[in-house]
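One chain, chain A, appears in both complexes that follow, with chain B as partner in the first and chain C in the second.
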Partner chain A sequence: MLDLPFFLDTLSTLIGGVPLTLQLTVLSVSSGAMLAFALALMRVSGNPLLDYPARFYIFAFRGTPVLVQIYIVYYGLSQFPVLRQSMLWPFLREAYWCAVIALALNTAAYSAELIRGGLNSVAVGQIEAARALGMSRPLAFRRIILPQAFRQMLPAYSNEIILMVKSTALASTITLLEVTGLAAKLISQSYRPVEVFIGAGAIYLTINFLIARLCAALQTALSPEKRAAPAPAQSPETEAPRHG
Partner chain B sequence: MADPTLAGRPNTPAVELAGIRKSYGHHEVLHGVSLAAQDGEVVSILGASGSGKSTLLRCINMLEIPDAGTVAIQGEAIAITRRPGQPPRSADMAQVGRLRAKATMVFQSFNLWSHLTILENLVEAPVHVQKRDRRECLAEAEALLARVGIADKRHHYPAHLSGGQQQRAAIARALAMKPSLMLFDEPTSALDPELVGEVLKVIRDLAAEGRTMLIVTHEMGFAREVSDRVVFLHRGVVEEEGPPAELFANPRSDRLRQFLSREGWKTSAPC
Partner chain C sequence: MQYFQLMGFGPDGWGRDMLAAAGMTIGVSIVGFVAGVLFGCCGAAAKLSRFGSLRWTAEVYTTVFRGVPDLLVIYLFYFGSSSLITSVASMFGAQGFVGAPAFLTGALAIGVVSGAYQTQVFIGAVEALPRGEIEAARAYGMSSFLLFRRVVLPQAIRFAIPGVANVWQLVLKESALISVVGLIELMRQAQIGAGSTRQPFSFFLTAAALYLLITFVSGIGFQALEKRAMRGVRRPA
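Our next item is the complex of A and B:
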């Protein structure tokens, strides 16, 4: 069934697409996170002029397929002469940047809600204590709310990163030869989808396994309060006497 | 009826409230409460739940902003912006921050910051609000923790401590600001009965060293023992006020008499 030499050969070709897959992920997740943070602040601002635009953004980007968003950016933007003549055009005409932009805009919508959830999860008493000890709002936000919100949202956010790794596969539809793009190319040459797609799947699985472990390690490192209490210092009277 | 004006006093009071009113929706919780505490005075605020005693305490450090009336800490009145149709706001957040650091609060539910160790909890505000030297603050924090009897817990997180230990840490955190006034909002109400004593002991020691404190409490025996003055709040007004010995022995108003018998304070042995 499975042709092992062909499979290994395929795998080594597909691994060539990993750098592009990772680039798309890292660029879209990091720029998406910044946009998401701004959107989350707009959502929790309590100002309708900021809240409602953010709500609409999230509504629009969560309610439409990523593939449609990629197509709109890649095929749609060239319809606007303003954009074609703008300084951004060298970027916007590249499939690479179109994929990054579309994926970033998409993950921003989901991440904004994760960040908002994290911010809202911080107990009122924690914030009151900060105020009662004289902290200004920005200081309380930076020192108390944000660190606690970050710990709270990290598990859900690692999920979002994993979803983004998988979403980069859609970049293959706009000519990019990342892992899935290479896989499609190999299949059209070899007509052996089983080996090729199992190889591609194994690569995504490995990347996501590593991301999940990394996030779990970060979570543990950031939540010492969830671990056991530090052991009391050894003192002579606490040592159990040994009976011979 | 208590008369809040203390004529002929030599110094500016540590805290002075005049005509404090506070409503939530259409329900007025405080109907014009006036109260003052001199330097070194311990004032206990008693009252049934819903009498407005916690709200009153929270008005002092602007966690609640009174709809009417003034709050002055060491003679400095807190600026409040009141416009018709809008909730009142503090006019000068920098002033509020500065005065809050002078009048620190200990909460019923401790509210230690869960992501910081006990030691970090103590130095957080002195370092970042008062901009004091971190090393100096750490040394002071260690001494404070030793004083409240939890020096061995300094590298623990709040979740690893018992309620009594957490409240003692919270008191140490309030002390680390070197406040001129301390506000206690039912400091033992969230504790298991066997842990109440260790917290009261810390507060009693603070009273003995002459700290200015306002204490909202249900511990009648404790209030009688440590207070210089007791204020009984009933439905948002000061119903009765006076030295504890007098007030507990001969309550003048029926309401205080009823309240004291309901609380059964005579049977609760002083801790």
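Our next item is the complex of A and C:
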């Protein structure tokens, strides 16, 4: 049933789209993380002038489809002559940068809440202790809150990265030929959706599996206290009865 | 001012079309969501079953459809069923490519994807039940079916509401992807309007606002539902 030569041919074509998929993911996740950090700080600032704009941003980007966001950036912005004549236009004209911008803006909204959850998870007593030891607020934030918040949010954040890998597929709707774009092209050329789907699906599952493993390994490396303690050395002295 | 004329309900306003398309978005989302609930029930039942082969199949199902882009699944279903229909049609002497109905294939694709998420939600809800209750029901001599109907189901539904609400929001947003196979829902309608008026920003922003309205209102609805379902539950102070 599965035509093996055709399948292998398809797979090698699809693998050609992996670098673009990874590029889009890395660029949008890393720039989105920076924006998310700023948004999370706005959320926990306690200042309504910062908190409410961040809330609205998160609400708007989480409540609308990524596709709409991509189209607004790619097609929508061309409606404004001011933008078309600005220095930003060489970027905004490119589907590549539009996809990166839209995906980054989108992931920032989801990640901001994850970061906020991480920041809030640090026990108040630890912060009080740091302050009592004479640490300034920024120092306590950097040394006490941030490392623990990062560790706390990492499992949820690895899910977000995987969601972003999946979201890069939408870049194919604005002409980019990453894995899904190539898959769509192959399907419309060959009318053999099953083979193409299996090939593309296998690629995405592999990428997502590797990301999940990488994040899990990082999590273990960052939580020394949760690792199993090394087995105590079995020496005859300790085995010997105390009151020999 | 210009914007309100464009999106208004006058002779050359697009308001009516956009609202109708929003209705289509809600319609296809509801069908996809209901299909997802059914797939989710089957998936959860398979994952909790005694048979290894069923558990394994369900595991593959949830891993694949949660790990692969939704767009790819929509392509699979649309082109897959189209080529199936085409080959059946050519057996009866029809010529050329026959497209599958976009509404059905789109809703089915969304149903299969959301069913994978729904499976996890249902599993979590069943596992949230205190073990003692099930043991107590068994001790009273309830059969498995009665136990499921009287003890597990009523409580699992309650625990599942927040997760189910998340999946609904996901389905609503995913429904935008069905526009790629030509169903005239909100996203496709916005593209049509953007193309014929050369005002893409106005149209896509309007579509975004309508999506936001739908997700916001349904979010409130689910919150009310959760509150009602939880009215008899004592919360730890």
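Brief remarks follow.
Here is the rule we go by: the second predicted complex is superposed on the first by the 230 of 244 C-alpha atoms of A that agree within 3 Å, B and C clash if a C-alpha of one lies under 4 Å from a C-alpha of the other, contacts with A are read in each partner's own complex, and residues count from 1 in each chain.
Here is the rule we use: contacts are C-beta pairs under 8 Å (C-beta built on N, C-alpha and C of every residue); 3 or more make two chains touch, one makes a residue touch a chain.
All of these numbers come straight from a predicted model, not from anything done at the bench.
Applying the stated clash criterion after superposition on chain A shows that chain B and chain C can sit side by side.
In the superposed model, more residues of chain A are touched by C than by the other of chain B and chain C. When both complexes are overlaid on chain A, the residue A:Q23 reaches neither chain B nor chain C.
Contacts of A:L67 after superposition: chain C is touched, whereas chain B is not reached. Angle at chain A (Cα centre) between the Cα centres of chain B and chain C in the superposed arrangement: 110°, in steps of 10.
After overlaying the two complexes on the shared chain, residue contacts for A:Q219 are found with neither chain B nor chain C. In the superposed pair of complexes, A:T13 makes contact with neither chain B nor chain C. After overlaying the two complexes on the shared chain, residue contacts for A:S31 are found with neither chain B nor chain C. Using the contact criterion defined above for the overlaid structures, shared-chain residue A:A200 touches chain C, although it does not reach chain B.
Between chain B and chain C the least C-alpha distance in the superposed model amounts to 21 Å.
Residues of chain C touching chain A in their complex: 63-64, 67-73, 75-76, 79-80, 83, 86, 97, 169, 172-177, 179-180, 187, 190-191, 194, 198-202, 204-205, 207-208, 211-212, 215-216.
Contact residues on chain B toward chain A in their complex (touch as defined above): 61, 63, 93-94, 97-98, 100-101, 104-105, 107, 109, 111-115, 124-125, 128-130, 152, 155-160, 173-174, 177. For chain A in complex with chain C, the touching residues are 59-60, 63-69, 71-72, 75-80, 162, 166-170, 172-173, 180, 183-184, 187-188, 191-194, 197, 200-201, 204-205, 208-209.
Listing the residues of chain A that touch chain B in their complex gives 123, 125-126, 128-137, 139, 143-144, 147-148, 151, 224-226, 229-230, 232-233.
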